[in-house]
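What follows is a pair of complexes built around subunit A, which joins subunit B in one and subunit C in the other.
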Partner chain A sequence: MRLSFLSPRTLTAAALSVGVTCAALPASAGLNQVIELHILQGTEDFAAATRALSDAAAADCQPAAVQGPYNAAFDAWMEISHLRFGPLEKDGRINAIAFWPDAKGFIGRSLGGLIAEEDPIVQHPQDFSSVSVAARGLFALEMLLYDPQYSGYAADSYTCHLVQAVSFDLARMADGIDADWRDEQAPAMRSAGQPGNTTYLSDDEVTQALYTALLAGLEFTEDQRVGRPLGTFDRPRATRAEARRSGRSLRNVVLSLQALRDFSEALADVQIPVTEAAFDTALEQAEGLNDPVFAGVDDPTGRLKIEILQQRIQAARRAVEGEIGAALGVTAGFNSADGD
Partner chain B sequence: MTTRRGFLAAMMASAVVPSLSWADAGNPSFLAAAREADGGYALFGLDGAGADLFRVALPARGHAGVAHPHAPEAVAFARRPGTFALVIDCVSGKVIQQLNSPAGRHFYGHGTFVADGDILCTTENDYDNTAGVIGLWSRSEGYRRIGEIPSHGLGPHEILRLADDILVIANGGIETHPDHGRDKLNIPTMQPSLTYVTPDGTLKDKVELAPELHRNSIRHLAARADGLVGFAMQWQGEQRDAVPLLGLHRLGGTVTLAQADLGEQLAMQGYAGSIAFAGGGAHVGITSPVGGRLHLFTEAGMLAAVHRRADICGLAESAKGFMATDGQGGVWQADLQDFTPVHRAPRNWDNHVVAL
Partner chain C sequence: MTRKIYAAATAIAIATTPAFAAEGAVDKADVLGTYADIAAAAYGDSLSTAQALQVAVGRLIAAPSPEALEAAKAAWKSARVPYQQSEVFRFGNPIVDDWEGKVNAWPLDEGLIDYVDASYGGSTDENQYAVLNVIANPTFTLSGEEVDASEITPDLLENTLQEADGVESNVATGYHAIEFMLWGQDLHGTDKGAGERPWTDYAKGDDCTNANCDRRGAYLKAATDLLVSDLEYMAAQWGDTGAARQTLLEDQDAGVAAILTGMGSLSYGEQAGERMKLGVLLNDPEEEHDCFSDNTYNSHFYDGLGMHNVYNGQYVGVDGRVIWGASVSDLVAAADPEVDATLKADLDATMFKLLAIKVAAEGGFSYDMMLARGNKEGEALIMGAVDALVTQTRGIERAVSALSLDDIGFEGSDSLDNPDAVFQ
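After this line comes the complex of A and B, so read on.
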């Protein structure tokens, strides 16, 4: 194990590689299903939702007008946030869209710097990509729209223009992701192993990328979205919950589980009854929680329910490994799983 | 006792058989260990295009290797906490000899030659005394263990020879004990260092980073002919702390730490697996298999290029820039502009590829 603070399975999942005997995902039905029904639908939704957010912010930058479209954009992000390869990794997009966790407080510092200096970059939102990733994307916007330290801004104030610039930049990235998936990534996956394809040297590598993203997505929800606020029994950390300012912590868990269930079904070529049942059990636990920002981690009863949720997500991950991983012939990774 | 006949035979052999060179081994360009399709492990000699020239089966997972400066001979090391190293004849592809770490020691997986190739230096763990040592082996005496010197730090991992046989050692700072496998026993107090040591054990220079970076394990090295040393680090703190993973230093000088912009730095996930200089020393690269990244920097420490590839780890200088290997069997050619697959084999390339 490489990092002392992470569980071995976090690293395993982040680092799966396909065994050389891997049964490739057929470059036909299964792959098309994943690309068309799961991925491209998601990238299109995210592009549309962020465009609506940017338009709304341009028309009226104040929180009351922007929060609704903001939440719709975040919902759409949850459809694809687990696709952490290819277009989401290009140009540092993953961190520019979703800068979380932020234990060091990079977001507040970066936003504070821009506002204090009234950095003129907000007048050129098409160049906003030159700003630190911590001052971009959904979490910077959340801070501006929901944190009382910022959210009282006036129309036409610097912060107002900052909200517009961050929204514009987010829509630009989402549009880029959708275009890159359609023009580059999907064709590269479909032509894996063919001459000239320098992204995927074989079908196995496509299977690896997709399956790794599925498992890593489950682990992120289990270890980060639920695990961070849980902290330890002696030291629960409610303030570490994801998107707690906008009250989305639990909602993000539910949406991520729904997206990952959908992804699992698209990816598997076989029936996956155990996986589906495990996802349903986890979703049932999440939906019954009635604790939107995991504030319950501080009291024993509330905490127990959140721990059970975490265990149910873990069970879903094990089901995926046993049912889908085994069927695809994917094995745990080599260099990235346990470095030296 | 040497018999007269045996003595004469040895004389004849040395007189008649010309000493072999790397040309006799087909001039392999690289050495790399791998896991094969059947789950076994092997070491490969590769040509400049990443194709196999020879294969040597390994008894367990390998890590890195070192080539002899003249003779077509290489030493492959077990992955820590392994206790074997294999001396390989790269012409025949056969194991000449197996070295076993002495009692109370295990190898860390790297080594280098000094004394014009006559002394092999191996990084080792003196685990009962919680000390890093460099084992010394005499090649002309059949790789007899002739002694050891302190690494002047804990967890010596990669070691390189600089001019005048000065050794530069990456002391990772992490305490491990074979009784606990690969568990890290001292993370809160770990103190990595870069040390410069002469073969007689004299410490010439010791570099430690600022206290807030004491969890940045200095693990792998690259060096330029002019003495500039690059070191790659593995962060043992929170993954999203976004600390530098590359340092540049020369004996007696100060450290330059290098990092990418915040987004790309986070993408490395606090882990650099291999490091190499290329482009005549103008560029230095580090890989992150966890983040699927190859970051190329200028010699001044400015980010110059980012290439993405899942499970990329091995990195070495090649004729055209950098050669990189990945856990999916891919071999890649990289420079500031391009990142091109040159070969693919049905195996998982292990952490390192070594240029010969």
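After this line comes the complex of A and C, so read on.
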């Protein structure tokens, strides 16, 4: 998401179409709700799901036993993956938890290096954070659990211990995110504007940070999760789909749209019929796809359906800008995907 | 718009001159004028230093020698000083952003261009042409079409090889392609040391190493000529009647927003994230912005300085000329002195953090060493600068709010407004 200022034209159109007023509502109205119901619930779920994953891997490291809890942990990640600031940004956690896209093949290279050298770091999972982010988190684990090049490992093999170390490290990060949100981030947001709070000088800054995360999350799903496999008409890129090895590409789009719809409702604190309808249309298109890894990009009919999905997500983003942005009186700030 | 160019001696007076804000209302047109003047000067300096590089490259090809190669490398490093300071003009100005990929695209799969070490690997899922090696292959098939590369020309680089097969890392032109041609691959990993391309890669007759020295020279010449012509174009865009300047001046609020947009996008997503943090997190020296020459610390430093320049409305040229005038800082100070004071302090703090990296690197602790797994000192140096860049981004957001620029219409470039275009 680039810093995209709303044009007056968009504002007017939105105001006319849904009859909302452009006057800013009190920014704090929805903040407690969004923090409690959406964010803290999400960080708690992710911490619990990754703990279950780590426990499962410790008991039996082989794919058959780990894949179930792995998918549950990935599902829980989708509840909060759009909160790319503060606790998720600290210590490079977001890069370590979800290193994707991986255009230069760092994941395979990093894992291959650890396995070839039987790097002793796996015996010290609490220090696993020292290895490259490409060998950590959900996508490293996906490679080990699903790619035939790795997934045939035996119990007690090096790769088995690597799976355990990656799972442990993931649970440790999730626990840190949950703790940081509860102990630092949420209090900082709740005390915006009070003396001594240098992070948030006003409620408006909190609203802007959350609103920026909402728009950036929509844009990430639109451009990356759907856009990368689409490539161009002449050069579709099915192998660029997110989490295709575990067959989660479409599932991640659906879960992210559901999470962002919930986030929108919690943040807006007013009726947002246009936004809800836009999300529903996008979700309907996604759920009707029956193409779990976007393999259809190679085929004209399949491709058209995926392009329509992308347009629906874009429409949801425009609805959020017109309806929620206008109601809250905020525009997006800078986010970590600005730049190239 | 008033152009203010001072002799170097006058610069001393700047420190004691009261800010424009103190003299009364700040004119946005003057602020935009200063910004455009800095752009014109930075691109003008980029052009003149690239022309010096062009001369040095010409000498290397005409009479290859160790000294000629070193002279070309030194000229390349000098050319980076003004160019990196110009990067702040990128994200807010569509004319710059649409053009930038021609001159500073990165990272690159250098095997597209020339020979690479076996450790580099072959073609990848993402890039079928990662080891195309155009210097060794006068003809080849690209996306199903036969390409005649018997003559290596700027046109071949620009229109056939650049982003070949729609892959961004197929970088055939610009500073980093030239950097690879001069230094070669850096095979030292996270140990100290840059690329060690022998001068004999450009030698004539039997002295030629790694074959195809004439084609290698032709490639280097074509890439350097193209860089010069691309910079000529951009310097002209910021001249008195240039399109970039005119676009900026058309709408004053949008123009001021463009200045802050450029600063914020470069600070956070680009420099703090993509260029600095990711390298540390991956422990991979290939993620260095100037990985062949080990000049990364300078690239980061001058990127930071570019942001400092445009906010404060001053620029020191490569010949000592100083440009100075009404600044965004003056505007923000008039609206909210506290926001201005904090942002100025944040920008200064970033420069000190970037300077710490530069000092360490020039003292012998090279940027690749800083990226090594478990290197706490390197990580602390780099992450210190990353944190400072993130902090200044918050300050830039507050400046946008202080100037009530949040809700103005802002027409960006393709990649600003239509991010899909980036992936197509």
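The rule is simple: the second predicted complex is superposed on the first by the 302 of 340 C-alpha atoms of A that agree within 3 Å, B and C clash if a C-alpha of one lies under 4 Å from a C-alpha of the other, contacts with A are read in each partner's own complex, and residues count from 1 in each chain.
Everything below uses one rule, namely that a residue touches a chain if its C-beta (ideal position, glycine included) is under 8 Å from a C-beta of that chain, and two chains touch if they have at least 3 such contacts.
For clarity, every value in this text was computed on a predicted model and none was experimentally measured.
Legend: residue contacts after superposition of the two complexes on their common chain; A:334 is shown touching both subunit B and subunit C. When the two complexes are overlaid on their common chain A, residue A:239 makes contact with subunit C while staying clear of subunit B. In the overlay built on the shared chain, the residue A:106 is in contact with subunit B and with subunit C. Residues 1-6, 11, 92, 95-96, 103-104, 106, 132-134, 201, 204-205, 208, 333-336, 338-340 of subunit A lie in contact with subunit B in one complex and with subunit C in the other. Residues 1-9, 11, 92, 95-96, 103-106, 110, 130-134, 201, 204-205, 208, 219, 222-223, 227-228, 230-232, 234-235, 239-240, 310, 330-331, 333-340 of subunit A touch subunit C in their complex.
The touching residues of subunit B, when paired with subunit A in their complex, are 35-37, 63, 79-80, 109, 157, 182-184, 187, 219, 234-242, 261-264, 266-267, 269-271, 273, 289-290, 292, 308, 310-313, 326-330, 339-341, 344, 346-351. Taken together, the subunit A residues at the contact with subunit B in this complex read 1-6, 11, 14-15, 17-21, 85, 89-92, 94-96, 101-104, 106, 132-134, 198, 201-202, 204-205, 208-209, 212, 333-336, 338-340. Subunit C meets subunit A in the complex at residues 91, 107, 124-126, 143, 165-166, 168-169, 257, 261, 264-271, 273-274, 277-278, 280-284, 286, 373-374, 393, 396-398, 400-401, 405-410, 412, 415-417, 419-420, 422-424.
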